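The chains carry the letters A, B and C, assigned in the order they are written, with residues numbered from 1 in each.
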Amino acid sequence: MNSYFYSSVFRKTLATLSGFFLIVFLFGHLAGNLQLVLLSGDVAQKQFNEYALFMTSNPAVKILSYLTYASILLHAALTLFLAIQSKKARPIDYEVSAGSANSSWASRNMPMLGILVMLFILIHMKSFWYEMHFGTIGNDPWGHKDLYTMTVVAFQKWWYTAFYVISMVILGFHLRHGVESGFQTLGLKTRKYIGPIQTISQTIAILIPAAFAIIPIILHLQS
Amino acid sequence: MSILNSKIPEGQLSEKWSNYKSTVPLVSPGNKRRLEIIVIGTGLAGASASSSLAEMGYNVKTFCFQDSPRRAHSIAAQGGINAAKNYQNDGDSVFRLFYDTIKGGDYRSREANVHRLAEVSSNIIDQCVAQGVPFAREYGGTLDNRSFGGVQVSRTFYARGQTGQQLLLGAYSALSRQIAKGSVTMYNRHEMLDIVKIDGKARGVIVRNLLTGEYERHFGHAVVLATGGYGNVFYLSTNAMASNTTAIWKAYKKGAMFGNPSFTQIHPTCIPVSGDYQSKLTLMSESLRNDGRIWVPKKQGDDRRAEDIPEDERDYYLERRYPAFGNLVPRDVASRAAKERCDEGYGVGSTKLAVYLDFKDAIKRLGQDVVSARYGNLFEMYEKITGEDPYKSPMRIYPAVHYTMGGLWVDYNLMTTVQGLYAIGECNYSDHGANRLGASALMQGLADGYFVLPYTIGEYLSKDIRTPAISTDHEAFEIAENEARDQNTRLLNNNGSKSVESFHRDLGAIMWENCGMARNKPNLTSAISEIQSLKKEFWEKVRVPGRDDNLNPELEKAGRVADFIELGELMVRDALDRSESCGGHFREESQTEEGEALRDDENFKFTSAWEYKGDDVKPVRNKEELQFEAVELTQRSYK
Amino acid sequence: MGTLNLTLKIWRQDGLNKPGGFKNYKVDGLNTHMSFLEMLDVLNEQLVNEDSEPVAFDHDCREGICGMCSMVIDGRPHGLLDGTTTCQLHMRFFNDGDTITIEPWRAKPFPIIKDLIVDRTPLDRIIQAGGYVSINTGSAPDGNVIPISKEISEDAFDAAACIGCGACVAACKNASASLFTAAKISQLALLPQGQAERKERVIGMVQQMDKEGFGHCTNTEACEAECPQGISVEYIRKMNWEYHCANIKG
């Protein structure tokens, strides 16, 4: 039993499970963000800021958020560790490499995509999470911290919007390989279910980043 | 002659083996632990013998020159393996398998051995199934069979077109299990260079570690050779590039007699030679003849494309000459018929040394899907090599050297004329007589390794339990090692001008021209002197680059070719000596009016066992007269 | 048929742990009917005649089944043709004037022995760690005692077709031996004969695979694309599943 926890298969499994948890988180996060654009004006501002307050104060949400941080760290640490191990398994590279002949671009560049997504997360957290918790942020007419206005203002800058959109494309590629690969690692991508699993994986990989990306675009266009 | 004791047990043919098994002396488990057995080669015979002996409790040391025991050339066998299971309820039986094998071998094999082979054939299938060999199955889940050339029942078990691979991987897995247990010590990339004989008994081997170049001495209470065939003496053959005769040739020089060296099987369905750069020939499984029809144009030198030649201008010559068996005549008959057509000028393709193997009718009758399910991988292979699509235009095929029925002479125990030295699988002469039936090589290799040798070796070892391990400092080891070393030093220091490859090619040309599908006295006589001068030239002019103390494939090849040249001479001598035709050995002087092989039972109903008498001394031919009690000798007819 | 003049850029290395590097060679007047290895034969005969050491490469059966030949040609194990070993790759797929880069399999567990030859014994050790059914000679029941459906039998065959060449490792950006290991595990897990040792087998073999220092599988599926036998990554999925079950069920 012990050997299980040290095996490459188990490590990949943990990476998968943490990744899958992060996808669930993304859905939740997305639902919150959509309030920015599905409603408008004061209603949006009031509801979004109340939501933000709830998210930063509710104990259950707290637990979930710690789980999320843990997942991000675990996912990053494990995959980084495995990537380094793999690098060691081929100390001398090929002179000529023809990877495109046998595998997808995303599958070959997961570590790079992952690092970029991580960078995005850090910048994103600095801009919003940090400001919300520790920054100087004004109140809205109802007495809540006005995250809504801060967000709307932030995406008035075109380059900031562009940064978000590009980051989502990167996330898309990461999910494009990651989700389907996760099902394979868990041993679920059987011949019988390979079709539905591919559809689900591709849908997730397109839907989540696209929905996330459309919000800053709309906000930018509204400004 | 009394010098050869075949040790055939007394009694009824059908009871000999079971009687033998119940009376053969056994070695107790405690003693088995003290006995060491050396096995050379890890093909079907070597791997199955190694694992079985280790399971029984012997200490086994196994050697192969490849990087892994799984690479042995048994892996390339495509078609299948015979067994007298009668699963198809078509009247098969042990006796029928025995009879077909004796008849197919043109009555030049030993009845008792062949009967034993037929008896254990069923056990082989059971053993392999139990190992997880994925044989082809019927929809109901039972094992499927197909028919093969030279027989009228379906007794061939198969795993797509990769039966040899699957059987070998089964044996390899059994071997791997014993390696993991420590009861087999495996030496990869080690080539046997000589046998060590002490007091007349085989007591060890000299091997060279091909990676470091080191010469190693290994002691064994018995030595088992399972080193395969020597078809590469023809340079071009279906054998793997490194298949060689060195182990059995050195054994021959140490006193093991060589049985029927000239008996060579030329396989009818190979991809034709396309140029002089060619390094090997590729076999297309004989199973193709089940549904493919062989033909040539009726007009000599017809240059039209196959598709453009109308039906009534095609000569389906096998169906015409042999209506009873048609395209399924035995290999030697099919090969000679192809050669006859080509010699007469009806050959096709750019070299005119090819005939058509056509699946047009099969595709019409069965549909492309069924044909593809049966032969898909073979068709693919053909297309890969030739760049032509056999679904659209017929394959071109021509006979090629495939198997050597000859090999070290062995008695009923599979022991050579050197005490304690055994030969199993293709490297012994035994069970196939003058022609081997399809799907019988795998059967024999596994029969020898799994079910025969593990019993028969006990007869010898039971008398050897008091022999302690002999130190490899013994002078016999010293001498043998020095000889092996000296030969390599001589090769490396030769500073000649011709590559090893070119000598091999020259030897192949001499052999194919004179000792191939048709042989005659004048050609054979001149071939002897041609080979002798080639040998002289080899030792004067061969150039071997590199060193002795690391991996040097050219040096390995040089040693092998040196032995092939000497073997070639013996093969020609044997072919010359046997002035009858039988099986794959066709002497033009001995044929019926219709051009079929004509046996001469009065003068040649024996196995030739050649005895080495020294370099450049004519070897002596001894005879083992063959007794036929259960079968009546008839002229083979497949008409 | 045309003739080819080629430049070959080949990795040369005199021995284990020795420094290596690329060397360029010219070979002219090649026939397009030749196999890739026959083309190397021509080069080697040329080298012998110039009194230099020929290029060492593993090869044996030259009909695509022994799994011995192993070289990366222009970045692809066994060359550009799918489902083909190097020995079955023919020169008609190359053009006159081409420069072809030829490298050995590169993976830490496969140290280079000489030039293009690597040591693949780790694959043998993976099989020794459980890639068999423990059945002694002579103790097998009749072959037809256990019916096995055609479907299962064919599936097991697809996995069993592995020739052990190591192209999967060579192709994988992580130098993972998952496809090789998974193929044997799956073959025996599918068949009734393999059930008794199913659990120990998958645990033992996966452990050995890790121990040899192969990288982990990130499902790029390059192995399947380069496998001469086209062995499916479905078996890697199966290996993962088998491994989870064996460990979790205990």
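One rule holds for everything that comes next: contacts are C-beta pairs under 8 Å (C-beta built on N, C-alpha and C of every residue); 3 or more make two chains touch, one makes a residue touch a chain.
Please read all numbers here as calculations on a predicted model, not as lab measurements.
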| item | value |
| --- | --- |
| Chain closest to the middle [Cα centroid of all protein chains] | C |
| B-C against A-C, pair bridged by the larger set of C-beta contacts | B-C |
| Distance from the mean Cα position of chain B to that of chain A, given in whole angstrom | 63 |
| Rounded Å distance, chain B centre to chain C centre (Cα mean) | 27 |
| Centre-of-Cα separation between chain C and chain A, whole angstrom | 37 |
| Shared interface positions of chain A, touching two or more other chains | none |
| Contacting residues of chain C [partner chain A, same complex] | 9, 11, 22, 72, 74-76, 80, 101, 103, 106-109, 171, 173-176, 203, 206-207, 209-210, 213-222, 225-226, 233-234, 236-244, 247, 250 |
| Chain B-touching residues of chain C, taken from the complex the two chains share | 14-16, 31, 33-35, 37-38, 41-42, 45, 47-49, 51-54, 56, 58-68, 81, 83-84, 88, 90, 92, 113-114, 117, 119-121, 123-124, 127-129, 131-144, 147-150, 153-154, 156-157, 160-161, 163-164, 187-188, 191, 193-194 |
| List of chain B residues in touch with chain C within their complex | 48, 51-52, 55, 66-71, 73, 75-76, 85, 87, 123, 125-143, 159-160, 162, 165-166, 169, 172-174, 176-177, 179-180, 186, 188, 211, 238, 240-242, 274-275, 277-280, 282-283, 380-381, 384-385, 387, 450-451, 454, 499-502, 543, 545-546, 550-551, 553-554 |
| Of chain A, residues touching chain C in the complex | 1, 3-4, 6-13, 82, 85-99, 101-104, 107-108, 110, 177, 180-181, 184-191 |
